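The next block holds one structure in the form of structure tokens; read it before the comments.
Per-chain residue numbering starts at 1, and chain names A, B, C, D and E are given in the order in which the chains are listed.
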Amino acid sequence: MLTATILVPLIGAVALGSARGVSERAARAGAVTIAAVPLALLIAAWSRFDPGSGRLFQLVEAAPWIPTLGVAYRVGVDGVALVIATASALLFTVSAAYPADTRDRPRHYYAWLLFLEAVSLGVFLALDLLLFYVFFDLSLVGMYFLIGEWGHGDAKRSALKFFLFTLAGSLTMLLGILGLALATEPLTFDMATLIRHQPLAGEGLRSSLVLLGLLFGLGVKTPVVPLHTWLPPAHVDAPGPASAILAGVLLKMGTYGMIRIPFAMMRATFAQWALVLAVIGVISAVYGALVALGQSNLKRRIAYTSVNHMGYVVLAIAAAGGVLAGDEPGRELAITGATTQMVAHGLVTGALFLVAGSFWQRTQDYDIDAYGGLARPAPALTGVTTVAAFASLGLPGLAQFVAEFQIFVGTFSVYPALAAVALLGVLITAALFLQLLQKIFLGDLPARWADFPDLHRSEAVTLGVLVALIVAIGVYPRWLLDAIAGSSRILIGGGS
Amino acid sequence: MPVGHLVPEIVLVAGAVTTLLAVLAVPRRLQWIGAPLALATLATSAWFAVDLASDAAQQITFFGTWAIDGATTWARGVVLLATAVVVVMSPEWFARDPRHGEYYPLLVLSALGATLVAGAADTMQLVIGVLLSSVTGYTLAGYHRRSALSVEAAMKYFLVGALANTLLTLGVVLLFGMVGSTLYEATAAGLAGRATDPIAAVAAAAAVGVGLAFKLGAVPAHAWLPDIAQGAPAPSAALLTVVPKVGGLVALARFVQLLPVEQVGWRPWAALVAAATMTLGNLAALWQDDLRRLLGWSSVSQSGYAIMAVVALGRSDLAVPALLYFLLAYVLANLAAFAVVTELRGRTALDAYAGLARRRPLLAAVLVVSFLSLVGIPPLAGFAGKLALFGAVIEGGYAWLAGVAVANTVVSLFYYLRVLGPLYFEVRREPVPVLGRWAGTAAGVTAVAVVAVGVVAEPAFDALSDVLLLPH
Amino acid sequence: MTLTTLLLVAGALLAIGVYGALSQQSFVMLMMGLELMLNGVLLAAAGFWALTAGGVPEGQLLVVVVLVVMAVEMVLGFALVVAVYRARQVDMTEGVDSMRG
Amino acid sequence: MTRALLVEVAFWVFALAALVSGWRVFRTDSMVRASFLLLTSFLNVGGILLLLSAEYLGLALLFMMAVEMMVMAVFMVMFMMNPAGLNPMQMVHQHAAAVGAGVVMFGGMATVAFAAAFPDRPVRTSHGLIESLGSELLGDSMLVFQSAGVTLLAAMVGAVALASRRGRFGDGDEGSVPPPLDPHASPDVTAAGRGDGAHGHHAHVAGHEDHGGHGGHEGHG
Amino acid sequence: MLWLTFLLPVAGASALWPWPAIAARGRDPQPADEARDRWVLGVGGVTVVVATLALAMRAAVTRPRSVLEWGGGLILTLEVDRTAAVVAVLVPVVAAPIVAYAAAHEPHRGLGRLVALLVAFVGAMQLLVVAGDLLTLLIGWELVGAVSWALIGHEWWQPEPPGAAAHAFNVTRFGDLGLFLAAAAAFHATGSLRYADLGALDGAALHVVVAGSVLAAAAKSAQVPFSPWLFSAMRGPTPVSALLHAATMVAAGAYLLARLQPVLAMAWWFGPTAIGLGLATALTGGVVAALHPRAKELLAASTSAQYGLMFVAVGAGSTAAGLAHLVAHAAFKSLLFLAAGVAIAAVGSGRLGRMRLGAPLRTVALLTLTGTLALAAIPPLGGAWTKEEVVAAAGERAPWVALLTIAAGGLSAFYAARFQLLAYGPTRRDGALRHVRPPGRTETIAIGVLATFTVALGLLWIPGAGQLVETVAGGTLPEGRAWELVVSLLLVGAGTYAAVVLARRQQLATLGTSPHGAADWLGIPTLAQAAVIDPTLALCRTLARFDDRVVDAGVRAAAAVARAGSRLVTTLSGRGVDGAVEALAAAARRAAGAGSRFDDAGVDGVVEALAAGVGAAGRDSRRLQTGYAHHYYVIVAAGAVVTVVALALWA
């Protein structure tokens, strides 16, 4: 079943890419349909997933690949992976449905999108380190072509920078992965085994280097300050749906990887370095928020809030792994919160970037100061953006509050001072989003935007789905949290 | 005298001679006959090589001068495969040259030279193999006798080669002076004993090392490679950027294992050469506006990666598999790229590749696969190769070298994307004429092989898991 | 005539050869430098054969191999000089510099 | 005078002659003279080989080098400008670097000569050495020998392919150019324009000459 | 069931919001539509609020407790204790007339949203009130803040309200951080967020919880130094000011302290802090209210001051007194705001100096007077009783605390009189009876209802009422001392008298006309602007620029060094030994050039700089490939030497 979630979009991508004479409409309809299949499969997987079973990985499917090197095709889920994968599948479906300017190459556009979906889901479902890396790297290729071909502005340069920067990260991570796997005897890349055996435990310098390699690689992708500079240009120049996926799915690979690999497989070493990571997380959170407030470009501002929000995730992960024993409830909360934040941030920021994409399609202008009073001509757009903005600043009743509350409460158990400093980010985020709303939607309406078109039907429907989920998680998150919490407990307890 | 252990090579000699005689006999319209004959020769040799690998144990044979271990077998296979691809690319390219018949026997002899280098277990044999590989190489490089660039490339190839071979010979003579024999086994034993001292050993190893660096296109004897890639006939460039390397690398790996580490610090030296080679190659490739020259420099950098495996020899079980697998991956990807260049009639200005994806989507796809494999993007062959290399050096205690390689890989991505970006993102309307059917087929086949070898890597790694690199 | 003196003479020949190879502009003169180097190698090989290896036949073969290297390199070298001259009317290293960078 | 002393004196004579003539190779104005000086150097090394009881090899070297140097001299006369060295000329570059490299080379070899401990196993007798070479060639080292044969064959084929002025089908280098970018272009274009694919055969890269153009040889410097 | 007090208003609001748009069916609104909309929204809104009131009363009697698993170990608890019961009932009681007033009084544009948000606010406030744990409290706490933002910015098309709304939200959110911290500390220490488990706190966690709660409460209740946000909130429509920024939302701070008083009091410093904050706010707020030239701002400052009094009461340990004053204040202050709204609508300006509507709006003026008297704490109104209880509570602590409280009371008498005299005082002699817009019937009734409520609280003066209050609110009321009552009444009288005298001299309106003077919260906003907001924004802009280019300085410098190095190597090897000296000089020149180029590089990212360095190294390394074969020979020779060294060195 999980294999199918990867294969269906992959086959779809190949089919769509090689088909002839497909109209824009048909390509989009086909892409949405194919993109929705993994979503359906993952929902089905969710129903079969038993969070209370005490086993970390479930629904495992495996096949030999390169047994000589201990590499196998292994997929499966724990609660963390399951919810992130499902959210990603949803985001892909929504992004495919969101109208985009495909520049007369609809087949290729949607084929790359589906390819990206396949490999992104692969990252979250892989239970083999090398398989994980394979998908991790391929996601860069897919995104490179999406930004380079369908981006705007200085898209080629941004795509190049994105690819170079993140490849540097992923290769460093590869070195870490190798360093970790080579410590096993016999050689294996099986995640479950590595979690069970904790290779490199207590091997001073070597394990520290491996950990730093892993964290560097994953930190680039997350991104944490100061490894974040690829993010703003990539976001600004990417088409709206690609931005949504970049923020909603690709960034998660970094933090998901942190939970999956260094956190779970190198618990002792991780605990040694957790404080450093936590400080970096706090810096990312506060710095990202401050820089976001200083931006007058809509997409850059949203992009930097991603740095802020992912900073919380990093902080929570560091806190959860900061000690080897003690404070279990708080650390569980931190991990659950980190995961929830990944899901929530994906939905919220995805929605915000789709909105930004709508702006580009209408006006080709991202300058916040150029707008004003758009609430009059575009009330629906205003409403959706307001909900998303409030979700992003962590208003209760919307998804991200649940996550951030857990993160702060959980982190406080281990690093109270850092949690307190990180809270400032919440305040700055509030300021920057209110200012954003005020400058774009409220106040005087410049004459040139008098007939600014409101959301089209397809935009409204897709954003509506996201908003509905944001509210659903915010109001009653139990269905989500319970799926995660079982795995958090096991991860904190160190079992497999 | 176990002549059977040499059947693949004997077949090559016989085939080369037969082909030579045939092309001398047939009229100019039929000069292409050399291609099928050469192919048949290569195929027969390969068949015997496989046969031999399954029949004979891995051993040093022929009075200690010839190693028929897994490494030799693998090198034979890769060399024959690469040569066959080049043979397929050639007839259309040389269609205008009435005397291109001799080209095919030279290709076969070049393959023989590389094989002899790879299998040599005797320093004299090594020198002769290098020499054969070199002289055929000079000729292949200069085969466009009327093309200024072709003869220039050949001349520089020769000049660097002659100096390097002289140094190699000097090193071999010094080694002989120390141990009184040219056999590898005797050399290793002699050097390990206390009879010798580090000074002469270092001098000899340095001379041999620089000599072999020429075959690899490694620093400091790398300068010929970009010129060959740019100036030599495209099929020759395809051959010379890959085939001599296969032999040279196996030979280097074989040779360094003879040296006692406590007297000759070959491991750090190899690491240094690897780092310098990959860095120089990548840096110099960055701003090339000529695709073939870019490929040449990239080829230099790929040698640097390959030498990483040499560093880890004896310290990691992965070293030999990594070396041999990476060679295969590199050879396939590089051949695919040159096959595309050939099919595009030698089109080489970077700008002329912009918008190719819409005019020639399949060739563009081959180029993408080839370049991404050279970068090491999974699941292409280059990825598994680099993975094994990184694993080997990390296990061998040279993690910093892996770090250097990572940085270099990122840099290399830049120039590959300088080609691939415009290839896909720009729109051009000019027609893009191609050469014919065969070079395109070669491009397609090698690209598919790059994917297949990467995805289905297990057979290769399984086969390589018990490969020996005699006499160690 | 000890091994040391032989090696010194060989080294001197090699040194002169290296000097020639590096300093001569003309291809032919440059190749003479290489020849001179090989001359030194040859001397060293013969010296080793006679003084350290106890006259094993391999040593004689080694000298032959050096001779082969010498001959083969020169043959190809001259052929290339001819080819370059015909294609470009150039016989010096400075004349073939169209490919650089 | 004992035989040993005689050998010693002969060695130094040969050695000095080899070195001096070797040095003079690069100090003469005429290439022809240079090639004869090189021959002299070789002949003297051949003499040392004879002293080392390598009669066969010494003689082989003498003959081979005599022939080769004759070829070289003829070559000078036939192809090269300033064949007879009538005009004084100094065609030298990067002189200091070359001297430095030579010094380093000598230093290295001298270090090896003085400091390295080579085994001391002089050849016992000159008797049967040539026979042993024969049996080595066709015995233990047959592979090397045969490979060398193939290499010589390849060298011949290659040299002929590259250098012959007349081929079986007319001009030796007719049509030996890369295919033009545009298949419909006139067949007799050279590779000169290959650097610029966008302009096909019309472009010329500065710095190299069409083979057909008889612009003559550009001076150096 | 308890959830309904939250869900019902929210559901009602979501039905009311789109009503005008649905009713208009896409047509432009007609005058008849307006009347119908007002009727529907008013009746609908009041109905929902009244239904909520019924639910709240039921809950106040049954004291139910409800638990909801939120997942991941988080549990939402609703719990009604005595304190909660009082406020839960109070909120809809005050809200009902205000909603009716809003439906009748406010402009038609956006009316559906306004009424809906007011109703939704009731729900959010109820959640805050009935919360039984810190998480639920935080949810309600932030929700009312968000609704407050939307309501202050109700007239979003105007230039000012959106910014004012953001200001109010940001300041109160700063306080919310305190609740986050409190929740985190409580969870860390006890593993639970429930109020009931907070008793187990001790040590650092206790102090964090107390400090967080006090911070949140102070911000929400507009205590010094957070008070200015309440001025921003005055940009909202009058009903909003009446409901949120006078009667209820602002009350949340005082309510929280009262609700958690037993826990908070476990920290020794809680009492002094709360009293200090409260007194400071009461006195400064009194001064500001006495001086401010605008009606709503006067009332807002007074609101801060009155909540200061409640802080004093709770800090002194008498939650009952604080709670009683909270109720009384809710009644009269919402009344006064509605009255102010009528006055502002009548003259079209918020400036007190322009009003004096006693003659034209006699009914409203009389109704207003009840509120003013209650604010001034003149018996027999309930406000006076509750204030005296606060004074008594303060006196329990220390006489000087009581005295300061009494002084604050004197100030409130002064500004109450000032408000009454200026807004609804006798008409000026010079100004003829102007034409003013009279209030509608609904407005008057709404004001009347609140006035009735205010007056009804006078029943507290009946002996024995104190016991009833103790029963209802819990805790004990302090015994008042006679001297306190006497002094207090004297000061009230003095304050009133001063106002009347100033009014006679025509100086009452012109006190403190400067907007930046004492009337503007003693310069706190200016200070905040200069010390917090401007530096933060400047920091943001600087960081943004920094992020774009300066981070790279180090990287760029490293790149420059690498570049110079690579050039050096290149030139050395390219030119041979002869050129070495020359090359060194050239490299130095180029390094200098690189330095100057570095300045010109302009805005570039970290990676760009690194990339530029690598790229330059790439260009330079190509120079190694000179095209001359003899240079390649030098490279080989040098490489051989390096090889020898390497092999020998690392053996």
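In this section, contacts are C-beta pairs under 8 Å (C-beta built on N, C-alpha and C of every residue); 3 or more make two chains touch, one makes a residue touch a chain.
All values derive from a computational prediction rather than experimental measurement.
The chains in contact with chain C and with chain E alike are B, D.
When the partners of chain C are compared with those of chain D, the chains appearing in both lists are B, E.
With every chain reduced to the mean of its CA atoms, the largest distance from chain C is reached by E.
A summary of chain positions shows that the Cα centroid lying nearest the centre of all protein Cα atoms is that of chain A.
Distance between chain A and chain B, defined via averaged C-alpha coordinates, is recorded as 42 Å.
For the pair chain A and chain E, the distance between mean C-alpha positions equals 33 Å.
For the pair chain A and chain C, the distance between C-alpha centroids works out to 64 Å. Between the Cα centres of chain B and chain C there is a gap of 26 Å. Looking at chain B, residues 124, 128, 131, 135, 138-139, 142, 145-150, 152, 154-156, 159, 163, 174, 177-178, 180, 199, 203, 226, 284, 288, 414 sit in touch with two or more other chains.
In chain A, the positions touching at least two other chains are 164. Touching of two or more other chains is recorded for residues 14, 18, 21-23, 25, 30, 40, 47-49, 52-54, 58, 61, 65, 68, 72, 75-76, 79-81, 83, 86-88, 93-94, 96-99, 101 of chain C. Interfaces, counted as pairs of touching chains, are A-B, A-E, B-C, B-D, B-E, C-D, C-E, D-E.
The touching residues of chain D, counted against chain B in their complex, run 108-109, 111-112, 115-119, 121, 139-144, 147-148, 150-151, 153-155, 157-162, 167-170, 172-183, 187, 190-192, 194-198, 208-211. Listing the residues of chain E that touch chain D in their complex gives 575-578, 630-631, 634, 637, 641, 644.
Those residues of chain B that touch chain D in the complex are listed here as 1, 6, 13, 17, 20, 24, 28, 62-66, 92-93, 95-100, 102-103, 105-106, 109, 112-113, 116, 122, 124-125, 128-129, 131-132, 135-136, 138-139, 142-150, 152, 154, 174, 177-178, 180, 195-197, 199-200, 203, 233-234, 290, 345-349, 351-352, 430, 433, 435. Across the interface of their complex, chain E is touched by residues 93-97, 100-101, 104, 108 of chain D.
Residues of chain B that touch chain C in their complex: 124, 127-128, 131, 135, 138-139, 142, 145-156, 158-159, 162-163, 165-166, 169-170, 172-174, 176-178, 180-182, 226-227, 230-231, 284, 288, 293.
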